[in-house]
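Have a look at the structure below before the remarks.
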Amino acid sequence: AVKRIGIIGTGIMGTDHARLLTEAVSGAVVAGVFDLDTERAAGAAASSGGARVFADPYELISDGGIDAVLIASSDATHEAFVLACIEAGKPVLCEKPLAPTVEGCARILEAETAHGSRLVTVGFMRRYDPGYTDLKTLLKDGAVGAPLMLHNVHRNPAAVPGLPDAAVITNSAVHELDVTRWLFDEEIVEVTVHRPRATAQGGGTQDPQFLILRTASGVLSDVEIFVNARYGYEVRCELVAEAGTVTLDAPPPTSVRRGGLHARELPGDWRPRFAEAYRLELQDWIDGTGGGATAWDGFAATFVAQACVAALESGERHSVDLPPVPALYR
Amino acid sequence: AVKRIGIIGTGIMGTDHARLLTEAVSGAVVAGVFDLDTERAAGAAASSGGARVFADPYELISDGGIDAVLIASSDATHEAFVLACIEAGKPVLCEKPLAPTVEGCARILEAETAHGSRLVTVGFMRRYDPGYTDLKTLLKDGAVGAPLMLHNVHRNPAAVPGLPDAAVITNSAVHELDVTRWLFDEEIVEVTVHRPRATAQGGGTQDPQFLILRTASGVLSDVEIFVNARYGYEVRCELVAEAGTVTLDAPPPTSVRRGGLHARELPGDWRPRFAEAYRLELQDWIDGTGGGATAWDGFAATFVAQACVAALESGERHSVDLPPVPALYR
Amino acid sequence: AVKRIGIIGTGIMGTDHARLLTEAVSGAVVAGVFDLDTERAAGAAASSGGARVFADPYELISDGGIDAVLIASSDATHEAFVLACIEAGKPVLCEKPLAPTVEGCARILEAETAHGSRLVTVGFMRRYDPGYTDLKTLLKDGAVGAPLMLHNVHRNPAAVPGLPDAAVITNSAVHELDVTRWLFDEEIVEVTVHRPRATAQGGGTQDPQFLILRTASGVLSDVEIFVNARYGYEVRCELVAEAGTVTLDAPPPTSVRRGGLHARELPGDWRPRFAEAYRLELQDWIDGTGGGATAWDGFAATFVAQACVAALESGERHSVDLPPVPALYR
Amino acid sequence: AVKRIGIIGTGIMGTDHARLLTEAVSGAVVAGVFDLDTERAAGAAASSGGARVFADPYELISDGGIDAVLIASSDATHEAFVLACIEAGKPVLCEKPLAPTVEGCARILEAETAHGSRLVTVGFMRRYDPGYTDLKTLLKDGAVGAPLMLHNVHRNPAAVPGLPDAAVITNSAVHELDVTRWLFDEEIVEVTVHRPRATAQGGGTQDPQFLILRTASGVLSDVEIFVNARYGYEVRCELVAEAGTVTLDAPPPTSVRRGGLHARELPGDWRPRFAEAYRLELQDWIDGTGGGATAWDGFAATFVAQACVAALESGERHSVDLPPVPALYR
């Protein structure tokens, strides 16, 4: 049976998801959309083969013609919509962050626990990227032995000038917080944030930042997060282990020799880089095979991000004291 | 409306296609399958969500519950099944070759012309490979200027010992014949085949072979085809043009440092290498947007392959005198 | 006029230097050698075209037939031999470290200052590596804008089991301390050392270690130093700047496809990796054009290394309070 | 004892050789120079530490203060100067070609045979390139099994407009003729030359050209020679063997990320690409260890080049019927 999906928020991400669900995913149709900008919603509905445009997101969530909900609206709205989905007993895929505050995430954990089964998936799409899954497979298969370090680089060409320092962590580095937890299957227990010389291109933002994350078993995961790197979008990492290392750099299939250079193109932003990850994430969500990030993962990402923000401000090491994992997520 | 697909032939390729249509393509279901091996057919049907198993392939083709047909049976059967699909007025995706002989291909051209519109797509999946489409886009955009040469390498780890020399061309190099025609949008007009020293691993086959193809505008496309290359599966090419070159090598996303080497893994066969191409080919076929190889392309590939076989035997240059393109394919 | 070189210490490094001076450097002969192991000295002398074997290193230094001295003996002996060279007014190339202690280095600075001109060169050969000089040229030419970070990786396949933690810094990471100072033409002012999970292959050594160095202008240089990395020898870095990055990875000229892998070989130790650097270092020293590391550079390297050792032990950030640069070295 | 070298011809190559002999080679001095342009000769002499400027090249050759001669004058003069060196009994390193005609090369073989020992080395410097020697070592060590094919690419950014078609072979592709003979230690017995569509940038020259060389054991070596490739200078090859392949591409040590590209720089011409080869060639020649190309190699290169020119003109396969190797060169 084809799943009828409702999408809340039809900005860049929501529109991309609508397109993928319509054109590239098996077993799904976009049945409803909502956006504060009704024209934008109408456009997304039209290109999704005639989805219904809802005037109220809560109506969409509770409508009998909607089997599951995808939330791609602004961060501040995530909590309320996710809670409404749980209330309605419907599966929900929520773009990261699950909620901007630890408290908001905690309320979702409570609601889902009260509901008694998992309904929430958080859109940490890198868990579906073929490069990251390849890396994790190699690690799990023991190809390079026990892990010791992970070096991460995460660069965007440009951010809003004067972006708050904390947002560099909560918006961008949060992906590496999740990657670190997911790859090693353990929690981050301590964080330090170093301040390199800041680029003059950032309008005053502390950019780049250099995070040092320690996992429960002692693995050190360092993250260069640089949101005004100018030259292009790039996400890379190297796993360092006892018998070797694995590098994820995801080169494109072609290279060009021209004008004195032998070059491969870099993507301009995250969408071409993670296009396949988004498709696989959506297909997996539709299949209901449950491979994505849970509400607990969303909570932990926000929790660790807050610790990193505190560490950035203090310049000190901060321990990360996550509460015990609720039974539903073990 | 979801398209109901019938699959004839559920060997390796047919089963892969059934899986993709079921799990990774939007807008399709596998509604029927046929295979001489009824157990194999039943297995494919079961994993396709309960497709009907047909006892007769022609029944499948004419059945009212089948909208379109995918042919992945043995090469010798392609012609008859394709003709039956045309007779039934149903779209058909036929694995290469369209037919093993020029005469067989010609009969299909005639039947489709008599039918009056295009129904046949030939499964030259490389036309959908992101690397090849990237290459063609760069060429069409003028990124490196006018084309002069194309160097192709096509290696398989192992073939049947003593494979006939001609089969190296008709089974394997035929992909490069199609790539050359597709990339440059023109016909191959002359071919030469050189005989390098043969590997001792081929059981007597002339392997590798080295084809030199000349297109109508004079571009030279050389092809090293080596079906007992042992070390892995690899398809690469370099386009040489007036202002630069484009190389397609499609590296995997990760590399490993271990045991004194920094290495990227090579695929073991063509399926992982072209997995994305197959998915996109099927999606495009289901969408009916008509980007695939036509019956004329299938005819031309077989025609040029026959000229290459003759050139291999004679050691001389052979001109390729294709008949005029029928109106339906212009 | 050909320079007559005396070599003190004919172990691995001294013998390599003797060979290079004899066979690959213009304008030099090895005229004298000394080693505690007289047989080893005799061997080095013989393969250097008949150099004189000295029974006493101080005799070698003061001998009228020796124009300049190369010191490749054990670390603890460096100070005394360098001081004797200064005393004799002879140019001296001393393998790193200049002296194992800050105090020993300081005594050399004083002696050279008293002498009134520079005689001492410290063997930080990376300053001559074509990759590092390429990197510095790109930085100085503004190819990627103002520098912000430098990520360094320095791996050896194996170290003595149970190597003291401090030796990982003073023997190995000291190269990155010098590289950081040399590349950015400024001093390191603050250091932190993180302790990743230690490899089980190190016999108890804290290995790898992760150093964070801050320069006077705020550039952050991080160093993964890993002396039991098993898989091979590797030195890499990436300079991150305002408009782009430069990566130094020095791939070998060939790659091999075999057994399912496309691989480049990694060197087994530092000598093949830096063979060209050693040759250029020696040629420059013989030419007397003065491009190498000075006694001040040797002092600073030891000084910063000591700060890193303290930071490793405390787990805290340590500021590095170098004394003012003596006039001779400005 | 230091060898006193006389250089005939102080154009680009002669000046480069003079500099290397003076600054980077052990055991040599430039003692004399000759050039038709006396000012240019005086400049080369001055920067070689005061070499004598000769007014007559034959005087230089016969002068008692010259131990060996390096010939870097125009191609047409090579034969006479080499013959004079043989007459004088002096070792001579002659830039390729040994002589532009087969007959000229034959006269040198006769003269050297009459002399009774080898004096002549031909400057096929690629035999000293670390990439090519690495490739040969891998082949000889059996790393990839028995050889079957060699794919060569040889590109220059620009040639004289309207360069004669034959010169593309005799000036440029001649390097691959020598490489093929040297790598496989056997003669080329058959050649074919294909004409790809010519670039509009060559002023009428048949450029690129595509050579197919067959060795005595049946190995096929194909050569794309393209002297107006515009984008840069590049020499690459891939050896295809029974168990794997070896690629020589000689990447530079650094890469740059900038402006949407991850790129490595390509050299602008052959001198930076083969700088190390030239140094090692000269050092080996000075050492007299005899690893370079002999007069027979020079003869064979010119002989095969002539066959290729004939094959280019006829469009047919040409067999290459070299005379028996004279005893002196076996």
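Think of it as A, B, C and D in the order they're written, each chain with its own count starting at 1.
In this text, a contact is a pair of C-beta atoms (placed from the backbone, for glycine too) under 8 Å apart; a residue touches a chain by one contact, two chains touch by 3 or more.
Predicted model, so just to flag it, every value in this text is computed and none were measured.
The fewest steps needed to get from subunit B to subunit C, moving only between touching chains, is 1. Common neighbours of subunit C and subunit D under the contact rule above are A, B. Bringing subunit B onto subunit D by least-squares fit of CA atoms involves turning it by 180°, to the nearest 5.
Taking each chain's centre as the mean of its CA atoms, A is the chain most distant from subunit D.
With centres taken as mean Cα positions, subunit C sits 43 Å from subunit A.
Averaged Cα coordinates give subunit A a centre that lies 57 Å from the centre of subunit D.
Distance between chain centres (mean CA atoms), subunit A to subunit B: 37 Å.
Within subunit B, residues 144, 231, 243-245, 257-259 each touch two or more of the remaining chains. Subunit A meets subunit D in the complex at residues 231-232, 234, 257-266, 268. Those residues of subunit A that touch subunit C in the shared complex are 146-149, 151, 153, 192, 194-201, 208, 210, 212, 217-220, 222, 224, 226, 229-231, 238, 240, 242-245, 315, 317. Residues of subunit D that touch subunit C in their complex: 2, 22-26, 28, 129-131, 134-135, 138, 143-144, 243-259, 276, 283, 287.
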